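Just below is one structure, and these are the notes that go with it.
The first chain written gets the first letter, and so on, giving A, B, C and D; residue counts start at 1 in each chain.
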Amino acid sequence: MAEKVRVGVIGAGVMGRYHCETLALRLTGAELAAVADIDGVAAGRAASLSPGALATTDHRALLADPSVQAVVIASPNDTHAALVREAARAGKHVFCEKPIALDLASADAALAEAARQGVKLQVGFQRRFDPAYLEARQAIADGELGAVELIVGTTRDPSPPGVEQLRRSGGLFTDTAIHDLDSVRFLTGLEVVEVFATASTLVLPDGGEGFADTAVTALRLETGALAVLTNSLRAAYGYEVSMEVMGERGKIAVGYERQTAVRRLTAEGVRHDHVGRFLDRFGEAYQREMAHFIDCVASDREPEVTGADGRAALALALLAARSHREGRPLPAGEGG
Amino acid sequence: MAEKVRVGVIGAGVMGRYHCETLALRLTGAELAAVADIDGVAAGRAASLSPGALATTDHRALLADPSVQAVVIASPNDTHAALVREAARAGKHVFCEKPIALDLASADAALAEAARQGVKLQVGFQRRFDPAYLEARQAIADGELGAVELIVGTTRDPSPPGVEQLRRSGGLFTDTAIHDLDSVRFLTGLEVVEVFATASTLVLPDGGEGFADTAVTALRLETGALAVLTNSLRAAYGYEVSMEVMGERGKIAVGYERQTAVRRLTAEGVRHDHVGRFLDRFGEAYQREMAHFIDCVASDREPEVTGADGRAALALALLAARSHREGRPLPAGEGG
Amino acid sequence: MAEKVRVGVIGAGVMGRYHCETLALRLTGAELAAVADIDGVAAGRAASLSPGALATTDHRALLADPSVQAVVIASPNDTHAALVREAARAGKHVFCEKPIALDLASADAALAEAARQGVKLQVGFQRRFDPAYLEARQAIADGELGAVELIVGTTRDPSPPGVEQLRRSGGLFTDTAIHDLDSVRFLTGLEVVEVFATASTLVLPDGGEGFADTAVTALRLETGALAVLTNSLRAAYGYEVSMEVMGERGKIAVGYERQTAVRRLTAEGVRHDHVGRFLDRFGEAYQREMAHFIDCVASDREPEVTGADGRAALALALLAARSHREGRPLPAGEGG
Amino acid sequence: MAEKVRVGVIGAGVMGRYHCETLALRLTGAELAAVADIDGVAAGRAASLSPGALATTDHRALLADPSVQAVVIASPNDTHAALVREAARAGKHVFCEKPIALDLASADAALAEAARQGVKLQVGFQRRFDPAYLEARQAIADGELGAVELIVGTTRDPSPPGVEQLRRSGGLFTDTAIHDLDSVRFLTGLEVVEVFATASTLVLPDGGEGFADTAVTALRLETGALAVLTNSLRAAYGYEVSMEVMGERGKIAVGYERQTAVRRLTAEGVRHDHVGRFLDRFGEAYQREMAHFIDCVASDREPEVTGADGRAALALALLAARSHREGRPLPAGEGG
């Protein structure tokens, strides 16, 4: 058996914690070596999953450990780009949660540093590892639909984060819509040439300090195909993610509306549950993306979800945010 | 345009009333000429659908009208066989609701009289005119499943009739299960060689005078294929009818669990309606079977659902009832 | 029984023919009195549904018949407004297929003439009579969703019309999207304040003479709620109509993905049919809207789908078409 | 952290291998200490999941290891009862795959030995750990359905085992139907009082040496409620498991017909996948039952699925087999 890849995780919130569990408990090729979080208790709890793992409130201690080969960045979005650069400079391979940055200049700097240091950089678009997205993409690539014509994508979170968290995340477009923007590119292999977005604040209390929580984004792709995304920070029925791709010969639809194999039939009708949380829907995909990253590090291969993918989705998310602010459609390539 | 077929309807209950509406309002080739019901008000109301139609409490008046060419029998089950004979002797073509009789001797006498008089006799197995059953049957006949192996059928009524009505109907096997027994024959083209049934009284108040309201019927078909039917006189969620046929190469399932195109997604889950009443599920099939009957009369063709089909399903229903009483499986052909 | 309302139908294409059948065969309160179509054979075939009905290639003959009380206009879209005016001037009540006109000035003239003549005017938004839309609207009006936040609507036709037919229809926005635009208003009771549309020609042969066949329309409603519509003139899997309305407390989704109660389970997976044609999905609604119109005429009540509703949806459709041409979002009220 | 429970696994076929993976990779409280299989290669491969684990072709070597605290028996069915006795005599706690034995005398001897030695004994009815079965059971226990009236259960395997494997398994009733028999008891909390079964050989080549591969089993429960099970060793569309429980106030249905979140809509209709293998459907439940067993051993609690449960289901399975052989319904308690 090969040596285990020793991994440090920066950020022990919900997502970072889940990555810690994957590294400590589910992947035989990885070892959770260290956890850093400004909340020392959270860091300690996550580190305790792995005997001997370091827990620290200072991510620099983690990066200074020469035995750590790779780093997972799951801290707030506004720290991603700087941490990618720091980790790369420390010679660590990097798995970075989306978005890779909150502006394109920072994204470019992060990508450049990773390239300079020769470390691998994978971005956390976990849907690319979900069996349903993979199957849909393969079918489209195989020409099952013929030319793609129309895409409808949806991501709706069960309930909004606090405004402070939203501020650090960069907002609805860079934090949530970015998944759908990436999925359009991933499923169709087509690039976006025009973006129009419009948004409202309907959910956040007291006007949400101007943050949008409900948005519609219309995209024109290079072939003339159209796409539309709807995003919301509230869905009373749980977590909703779907994407339909329609083409000449039919439609492929990715999306669940049921989680547990139970239906109840009563005088009120037929009732079943819905997907509750993002980890219920994508837990397996999160495990697979991490397995892929560990495998790439261990076997010195390039990850399939690159920094360039992270940069491309970010550019579209920023463009959507600007389109909303300026009230007009914008051509892609205007910078974001 | 050909002359309209003048039809008399005997029995103006729910089903008879629906046939009256079909004849008066939906079929251009038929004319509702007369309605007989011992409840004169019901007869009058149904007759008023058709200008000039006779309303009577005496079915003999209806049969005595020489302008009436065909008769629909939708009276209580225990009157069916005698009315078929009477109508046939009066020279009328006969559409008879299921069951054609409550015992085999009466069924045989009814069939014999119809044959003697040269009148057409169609039995009301409306599922044979439902697009879903027809599609399933065609697929099976085309060999889509290969050899049939296992069938699961279900008919569940929303709520039980009164005990008096149940008595006149002959009970659960001759009134309800008979549909599923016919469907097994219709969908597979196979005959039943053994019947085992067991039943309980769980729904009817005060023990239901011994009438069963919940039953399981296991069938062995001539090829060794097996079938099982479940029937109940109560389903809190509405009317449930389904039949699955499994074979070498797959399964074909007939059955709805949704009527209206609305779903509600809330914190309680996903909810939609169910089929409420038998007319909601089979209204179109009831219209089609009547159109077929009228067409057979008008163009002098034999109906596709014959008295022999009615007799065969009755024989199985009686056998199931006897199997339940005697607590043992019975070979088909023992008479019922 | 009241006198039957005598109705003339102008236009005997697919939709006009269906209205003829409804009037002749399904509604007891109506009588199909006359059919006009420039194709005399089609007029004759439709008129033959009703003994004694007039068939003519000249709609003026129909309008000149003093016994005709009401007129159904199902001719090409570019004739609607003028025919409404003509029929109103002849003192006939008018049921007009959507759109009521192809420009707002014509729509206004048609509404004014109907008002001047004191005749009823109903526009053919049949979804308002579909049980699913009605149930959804009632639930929303009852506050089941709380405030409405996000709407996603879809209408996709199985295959495109010819370019000549498309030209006469006014194009995708006035012919197809107009249904969804009306449904947004109907389901939510909210008005649209901004429209952005973008469209492509992906389906029509040879560039379709510039007609769009695939479109995305984003709407902002008066409360800040957002809506998005996708329309296509081709859907290989059949006819697709759906609308989701999401609010504070959940989501209500209208839409079928299955028509016949049969599923096939094979080694290739689980398969069922989809809705094939608009008449399969909305046949009942078409009958109900016509019954409503006849009832309004017979009992001298105002129809629930008014000329003003037809005008409002047209204004939005024209605005969407202009937004697409000009490449920018437009405030409603700019005229269309 | 507590000491890990050291576990030996006897049998490294599909199921034993899966238990090895769970013990070695997924459960932090367990350690895979040894694997025995008469196929030394399979034993070795499974043991390699855990550094230092013993691989042996002689299960007695495994039982002789004093550091092994618990044993998982996943060998052929006809060895279960003797291995339970041997393991218990060696002082090991025992997790035994279903069925616990192939006759009641052997089952009784195994239970007696486990009791005598004071070791824990859990039987592998993994559905009792599936979230859907658990939710259904809780709802029924909470009275959501009122009195239970009718149950329909189905287990269909994708393809039959070889005849030799079938012989060692005891056949369809003790190997497959036993799951459904246990589920009836588990979901309803009711005991069976009468069994009738009928079966055919439709799938196995050359008559399958008389082994049944397709069966219907009708059950009467102590309250008069009825149940029916259908079992098949072939389902071209994959693995099918479902159970519907109907009562006064509605129905609860457990069962999936879809695995991956992808649907394809084409001119052929709507298509999605089905559950392919039992591990796809119940992988999580297998992990949970093993976690429960480890937890019971570590914390000295009694497992919730006892030897008595294993014995009760076996008694019903044997009774069903005998009912089929003798062609008559049999009262429970007749021994099997």
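Keep this in mind: contacts are C-beta pairs under 8 Å (C-beta built on N, C-alpha and C of every residue); 3 or more make two chains touch, one makes a residue touch a chain.
On a predicted model such as this, the values are computed, not experimentally measured, just so you know.
Asks: Count the touching C-beta pairs: is B-D or A-B ahead?
Replies: Result: the pair with more contacts is B-D.
Asks: Can you name the chain that lies farthest from chain A, using the mean of each chain's Cα atoms as its centre?
Replies: It is B.
Asks: Return the distance between the CA-based centres of chain B and chain D, expressed in whole Å.
Replies: 42
Asks: Could you give the separation in Å between the centres of chain A and chain B, each centre being the mean of its C-alpha atoms?
Replies: 57
Asks: At least two other chains touched by the same residue of chain D: list those residues.
Replies: In chain D, residues 236-237, 249-251, 265-267 touch at least two other chains, as defined above.
Asks: Could you pull out which chain C residues touch chain B in their complex?
Replies: Contacts found on chain C: 1, 25-26, 28, 49, 51, 130-132, 135-136, 139, 144, 249-256, 260-267.
Asks: Which of the residues in chain A come into contact with chain C in the complex?
Replies: Against chain C, chain A makes touches at 147, 149-150, 152, 154, 156, 194, 196, 198-203, 214-216, 218, 220, 223-228, 230, 232, 234-237, 246, 248-251, 327-329.
Asks: Quick one: which bits of chain C touch chain D in the complex? Just the residue numbers, please.
Replies: The contact residues of chain C facing chain D are 236-237, 257-258, 265-274.
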